[in-house]
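Chain lettering (A, B and C) follows the sequence in which the chains are written, and residue indices restart at 1 in each chain.
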Amino acid sequence: MTGFDPTLAMHHSETQVSVELQTPDMTLNLGPQHPSTHGVLRLVAKVDGEKVEEIEPVIGYMHRGYEKLAEVRTYPQITALVNRIDWVSGFCNEIAFVTAAERLMGLEVPGRAQYIRLILTEMTRISSHLLFLSSYPLELGAATPMMLAVRDRERVLDLIEGVTGGRFHPNFNRLGGVKPAAGGGATQKKLAQDLPAGFLQDTRDAMVHVLGVCDEIDGLITGNEIFWERTRGVGVIPADKAMEFGVSGPNLRGSGVRFDLRKVEDYLPYGDFDWEVPAGTEGDCYDRYLVRMEEVRQSVSIVLQAIDKIPSGPLQAKVPRVIKVPTGEIYVRAENPKGEMGYHIVSQGGRVPYRVKIRSASYSNLSILPWLLKGALVPDIIAIMGSLDFVLGDVDR
Amino acid sequence: MTESPSEAAAPAGAAARPDPAAVAERFAAMVDAASWSAEHGTAKVVVPAERWVEVHRTLREHLPFFSWLSAVDWSAEVAVGDPPAEDAVTGRFEVLTRLADTDEGKALVVSADVPAGEATIASLVEVYGGAAWHEREAYEMFGIGFEGHPNLVKLYLPDGFEGNPLRKSFPLLAREVKPWPGTVDVEGMPEGDGPSTENPEGGAA
Amino acid sequence: MTLAIALFDNFWVLLTVKLLAVVLVLIGFSLVIIYAELKIMAHMQARIGPWFAGGRYGWAQPLADALKFLQKEDLVPLEADSPVFRIAPAVSLMSTVAVFVIVPFSPTLIAEDLDLGVFYALAVGSIGTLGVLMAGWSSANKYSLMGGLRAAAQLIAYELPMVLAAAAVVVQAGTMSMAGIVDAQGPDALFTIPGTDIGLPFVMVGQIVAFVIFMIAALAELSRIPFDMPIAESELVFGYLTEYSGIRFTMFFLAEYAGMFAMSAIATTLFLGGWYFPGLNPSVFGPAVMMAKVSLLVFVMIWVRVTWPRLREDQLQSAAWRYLIPLALGNILVTAVLKVVL
């Protein structure tokens, strides 16, 4: 018997005294309010003791109808909507949308703006992954990594706030460039708005702290035997299953597929830097954890290279005052912290898009859950769900 | 939807991925598509709805990653938002899937038209298991039927919900109650390519 | 004066005083442990911890918490088995208090030195789990039910290694009396530091295996990380405690921390020589020595909580049945053989 099953043991003893006992499966309802469903996800699980017979995710509690709203909003207004999709990586959500609109309009984004976008994207990725590194051990019962990771995530968020004015919802990208909220300070009133003074040096310092907290969590959790017991061989996603369900990002790489959209797409100048795509081998929870840990380190490396290389120049291309996007159809995908984030925009030449299909990573990552959780134990539900690292806003859109 | 355009203008910057026009042309030949395009770097093939499953079964060998399935409502009857362009063919739903591979970066949008009056198409669940949720979403949002889907029920919307929200004819309640001033403030501004106030001179450090 | 002596000669008066003392001491220590855990955890996690309550270092935080809990409405779910639901916290707390009766603080300062001390402690200590099971069963909540059943499964798995580990000590000491066991590690010790007559505690003369097993089992019995599956808040919301509020929750809460103290005290007595410390007069320094040793063990328990994740129920079962029980049995065998040989 792989899993201990107190109810089953009890039923055996009862049948021995020749009592015919009906033992229907218990329906366990996890959520929509539950400590570890990352929001308002509801799981209806049929359990036999602690073993899951069947599980059905119920989503939609967070559905905000962004695809419909996008049909009545102008393009600049939509960036304010889309950064609320995956609210722990709001900045990344804007990038793919803005890039898609810019390509439809034929805008050339200045290099400095692209670099600022890239730096902030990677810092958002670091903050999102640090949130995973804090919440995942917590779900497995270890509280200390949370305190450490959240402490240093705050440094990163402060920097993002310093540039954009928002910790989670920057709404910072403009078609054709970026618009920093902070100027160069009171003394530089004449100089136009740019990165705040001292940002680059503060970023270097913060990156040192991020690497430090990664080492600390490594020391606490990564080699811990109990952590291995809970995550190794648990929730294995084979690579072909992952692709069939559209599982992307670190979850796909955990299954051994060394594929990163930052390497194959050109929405931001990632080709200028030297960095690696980490990948796992087994496709279990432990590999997904390790991939994210390594991605933080790679993102730190990208940020450090980018702030060394950042070019000077304007932050915005010339754009018409009234933004009308020519007729056309485009799909732009970007590597978000959670996976592939894409926007399929159909424009009919107006101020508002005709149709925007939002492809969010967590939606597809979560859709594998019924397949993945069949036969798992109740404690493993939490371990597996946590390792997929989804955000309900990203599932429901 | 022009026949084999050569407009595949890859944006500036070194694209590591394969040329989208080449990808579209190759797969269009493979599945015997009605037409293909590669506008703005988005490779797309258009196939007849009758061969929907067959096409995907062929493509699965080369593009195993199922990214999404959705639809576009090409309708002349528009309750909110802009109407389609005058030369667009209306009265149809365009069902779209996006497939990709995970080594070179080849990717393809597959499109098929179903008439608005009888909006059904075969389900892809047997080809790509991940299509199940996407098809349920398209079913509730557009009212498109997917034949052969094992569990075609609402995904997001509550059970008693009536209507298909992403259809162009579906009104947005907030707009019915209170007309949005958004269009007004955009129109109030002078037209033309004047210098944007959002683009101050310099902007550099 | 004579009246006082006469009063203390009366069995019932003496019993009341002793019980009162045990309860007060236990609650007092529990509050101290709660505060220590808040503070130690905070400092291990790069936080400050309680700071404002009480004026300095937040020393009054546990009191404030307790007062807050006492004000809360005492809710009983409509579907719950009301009498069982109400009595469960008392059962849980009572068993801990009862264990405390036989904990020796000095040769004379012991509520009741039973001849069957160890046996009594282990028997009464496991009643607490019954309270947990009652709570889980009566709450009419699936999470509570699963938590309660997990606690029961844990009890079955962990009571055995714990008893076997203690049995080895009993064999070595030749007595079940708590005071007797301490004496066997002190003045009457068989093993002494060579060249002196200072006795060695059992943990230093071969019972290290039993000590480790005992502490692991104690953590499991107390449902503390890494064995806190019965309340596993990320899986079962709060396990058997989900439906509790107000004073009944406080009782469970107190039982957990009092249990930490009681388990540490038993471990100290069995393995660390209790009140005995070379060179210190037990009748004067005994309680202080005992408290110091107990605090050390409590600190280790808190440390473990801050450091480790949680195991899974089936992994705990397999660890107990496949490793700890055979190991404990082997330990008894070796102890018995050596006892005869030496």
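In this text, contacts are C-beta pairs under 8 Å (C-beta built on N, C-alpha and C of every residue); 3 or more make two chains touch, one makes a residue touch a chain.
This is a predicted model, so every value here is computed, not measured.
Colleague: When you check each chain against chain B and chain C, which touch both of them?
Modeller: In this structure, the chains that contact chain C and also chain B are A.
Colleague: By CA centroids, point me to the most central chain in this structure.
Modeller: A
Colleague: Between A-B and A-C, which chain pair is linked by the larger number of C-beta contacts?
Modeller: Most C-beta pairs in contact, of the two: A-B.
Colleague: Where the CA atoms of chain B average out and where those of chain C average out, how many Å apart are those spots?
Modeller: Distance between chain centres, rounded to whole Å: 64 Å.
Colleague: Let me have the rounded angstrom distance from the C-alpha centre of chain A over to the C-alpha centre of chain B, please.
Modeller: Comparing mean C-alpha positions, chain B is 23 Å from chain A.
Colleague: Please report how many Å separate the Cα centroid of chain A from that of chain C, as a whole number.
Modeller: 43
Colleague: Residues of chain A that touch two or more other chains: which are they?
Modeller: none
Colleague: Of all residues in chain C, which touch chain A in the complex?
Modeller: 41, 44-47, 142, 146, 149-150, 152-153, 225-226, 228-229, 232-237, 306-315, 317
Colleague: Which residues, counting only chain A, touch chain C once they are in their complex?
Modeller: 2-4, 6-7, 26, 28-29, 34-36, 50, 137-144, 147-148, 151, 220-221, 224, 226-227, 229-230, 377-382
Colleague: Which residues of chain B touch chain A in their complex?
Modeller: Against chain A, the touching part of chain B is residues 10-17, 39-42, 44, 64-68, 70, 72-73, 80-85, 88, 96, 98, 102-105, 107, 109, 128-130, 132-133, 141, 155-158, 165-166, 168, 170, 172, 175, 180, 182-183, 186, 189-205.
Colleague: What does chain A use to touch chain B in their complex?
Modeller: Within the complex, chain A touches chain B at residues 59-60, 63, 65, 67-69, 71-74, 77, 103-104, 108, 112, 174, 176-177, 179, 184, 191-195, 240-241, 243-248, 252, 257, 259, 261, 263-266, 269, 271, 312-322, 327-333, 340, 342, 344, 346, 348-352, 354-355, 357, 359, 363-364, 367-368, 371, 396.
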